[in-house]
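Next up, some structures in structure tokens.
Paired with chain B in one complex and with chain C in the other, chain A is shared by the two complexes that follow.
Up next, the complex of A and B:
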């Protein structure tokens, strides 16, 4: 982290002044009169973006644990499907996955009366369940691969010690293996979560109104192009900053000296 | 039978003839390679048994078969007189029984194997609290006195990575003591240490021997084995080649191979 003192170097002061000048210029000479009208919609979109991000990273990570474990130590009939899943997810564009789920699965479902009449139908006919599913699977695919390495990276001797002291296999996993694997991936996880944030605008293509979709709506309605996009960039930047901050806080609380001697 | 009885040990005293560990006709193969070719050994309560031998002689494998970290190919293992149930293929037949017996065997590893995401104190209380279900407060109190005992009283809240190998191994011994084990298994406890750190670990083990702990000790430290052991076992290519009291084994070895082995390391 850069301390306050470091900020007071000449070249940094110059950069800060330039940036402030840019902000002032943006505020004064660009058009912001559309803002009040669209603010409620923008807040709704922002909320949807954050909600999508949080739900899909949590669900995706929960899915990544078994995916990583299966690849690290599972028998072939578990590790092979897990590996295939991760490869397919990581090897195809997320946009394609979203469309395949929404237009594929989404148009398949209504053909089954059982599904149409089920209590899930009111949800399944909306777009957001497919967005959640696609983003969750995507995060799981990437993190599954990361968790594979994290699980393999935990010293075998430590697991053996736990076993030697009579710990049951599940206790070994819960008390020793998983906590260490998660600590191993924490630095990666922050970056991956920011990538996930930047993947969320793709759901706008299947009619989910996230913050990006709102900016498109403003552009379409008012023909104002740059202002909404600039604001949008700022919003993503701030969210990314918050994510980075949260992960740095978590990392700090975790003993830094995990590395083996 | 290759086993020895407690009666002929110089250090044997009353109340010590109860059997702690018995190994009968233990065989272990890794694929084609037969590492143990029928080992018999009995340790009675209070015995300190040193197991010596060249690399690849099977001494670590033998020790690891006692708590089934390696599954024997055939043979029988008894701990405190209780036979560890085993299937035809050597895998444990009764997980619960094995887990219960494992909590009575305090194992110390060559590479310490402390849990790196936990402080020393957390390492020491882990098994008492989460396996033996003792009360946390009690376990902490005991762990603190154990850490003090191995000279790490001021390091309770430190993570293992910040410690020297000797300190880590002493902490690992405290962790083993925390379960109040019936038998302690030492698997080359000083082999991974820098020479100047060996002494501090041996001092701790020596104290444990002196207080009458039952120990099986795989070691390369011949001087130390001679000093603390009641009984020395020399393994050669998966068999017990010679065994006896330390004086006898080290000063008047009968087996030619043992003679050569002792020559080679001196």
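Up next, the complex of A and C:
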């Protein structure tokens, strides 16, 4: 972090003043009269963006653990599908994946009467389950690759020691292997979560109303171009800053790696 | 061949994907070509920005360094989709203002140029970080030795810094290239007919969503896998003469 002393260097003061002047100019000479009217919708969209981010990150991470484990130590019939899954997810654009799931599955499901009559149908007709599924799979694909490195990076001696203490395989995994793997990749995890945040606006293309969709709506309704986009960029900057801050706090709390070579 | 397709129930898909007009394969390939063109351009523009930016960040004055820090931070924290829209409108507005001031009237900007400009600015921010790390990894003694020989800065960059940093930069640059190819899909949202948008149009008009989206996915995947092979070669070439990293620490 930049301390106060660094911030008070003459050229930085000048830059900050210029920036403030820019902000004041934005506030005074650009049009913001649409803001009160769209504020409730924007808050709703903001909430949906954050909800999507949190849910898909957690679900994706839970899926990434078996993916990473299968690639790191699994037998070939587990590691090959896991590797193929990660390669396919990482090798194709997320937008394409979202459209494949939404339009593809969305056009396939109504053909089966069993699905149409099931309890799930009211959900399957909406867009958000497809958004959650696509974002979860994408995060799992990228994170599975990261976790592969993390699992194989934990020292062999540690696992052998745990085994020697008589821990069962699952206890070894829960107490020794997983915590150390996660600790090793915490910085990467923070970066990946910010990437996930940057992926969320894509769901607006399948009619999920997130904060990006709200800004598009404002642009379409009022024909104002820059103001909603600038505000939107600011919102994402703030969220990304918060994510970085949270991960830095977590990193500080876990003890740093003990004498790794 | 056709018997085999019939047996698998894929005859219809093959017909839809055929290259001649009733099929949409030609459109997909044209879209792929557009995507690759933009990815090349944006990657190149990103490299140029990255090289100058990295030098600016390492050797520039305090103001330049702060401005570059703001550029890389903001670009990397805001979704590409939002940046693409902002830069797209900003670019076309600026060009129209300039051309109107010069008395030409409004200009229609070609999709390829707009796409390269938009993605190039985004790629530049990532390139700066990759190249800065690579330049820093060059042993300082080599650069000092070149200076001691009296090389002017540009020759030093061409003869010493760039060849020496290549091996450190290639993995990061390979990643950036893959991101560039996938980010071209986002241009579908501003209506540029690259692979993803062509696919969607084909799928929407034939209702064969799975066929087309899977085909497009396969095309992207082929590009990715092919690029990995190429970059693997480049990396081996850049690393020539250096001790292998394997068998060292791990």
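Observations
Everything that follows uses one rule, which is that the second predicted complex is superposed on the first by the 257 of 261 C-alpha atoms of A that agree within 3 Å, B and C clash if a C-alpha of one lies under 4 Å from a C-alpha of the other, contacts with A are read in each partner's own complex, and residues count from 1 in each chain.
One rule holds for everything that comes next: a contact is a pair of C-beta atoms (placed from the backbone, for glycine too) under 8 Å apart; a residue touches a chain by one contact, two chains touch by 3 or more.
Keep in mind the model is a prediction, meaning the values are calculated, not measured.
Steric overlap between chain B and chain C is absent once the structures are superposed on chain A; the two fit side by side. By the touch criterion stated above, A:176 is placed in contact with chain B alone, chain C being left untouched. In the superposition on chain A, A:162 makes contact with chain B only, while chain C stays out of contact range. The partner that reaches more residues of chain A, of the two candidates chain B and chain C, is C.
Once the two complexes are overlaid on the shared chain, A:92 sits against chain C while remaining clear of chain B. By the touch criterion stated above, A:225 is placed in contact with chain C alone, chain B being left untouched. Once you line the two complexes up on chain A, you'll see the smallest CA to CA distance from chain B to chain C is 15 Å.
Under the contact criterion defined above, the residues of chain A that touch both chain B in one complex and chain C in the other are 261. Put simply, chain B touches chain A in their complex at residues 67, 69, 95, 98-103, 105-107, 109, 111-117, 126-127, 130-131, 159, 161-162, 165, 175, 179. Across the interface of their complex, chain C is touched by residues 9, 11-12, 15, 87-88, 90-97, 99-100, 103-104, 107-108, 194, 197-202, 205, 212, 225-226, 229-230, 232-233, 236-237, 240-241, 261 of chain A. Of all the residues in chain C, the ones that touch chain A in their complex are 62-63, 66-67, 74, 76-83, 85-86, 89-90, 178, 182-186, 188-189, 196, 199-200, 203-204, 207, 209-210, 213-214, 216-217, 220-221, 224-225, 249.
By the touch rule above, chain A contacts chain B in their complex via residues 155, 157-158, 160-168, 171, 175-176, 179-180, 183, 254-255, 257-261.
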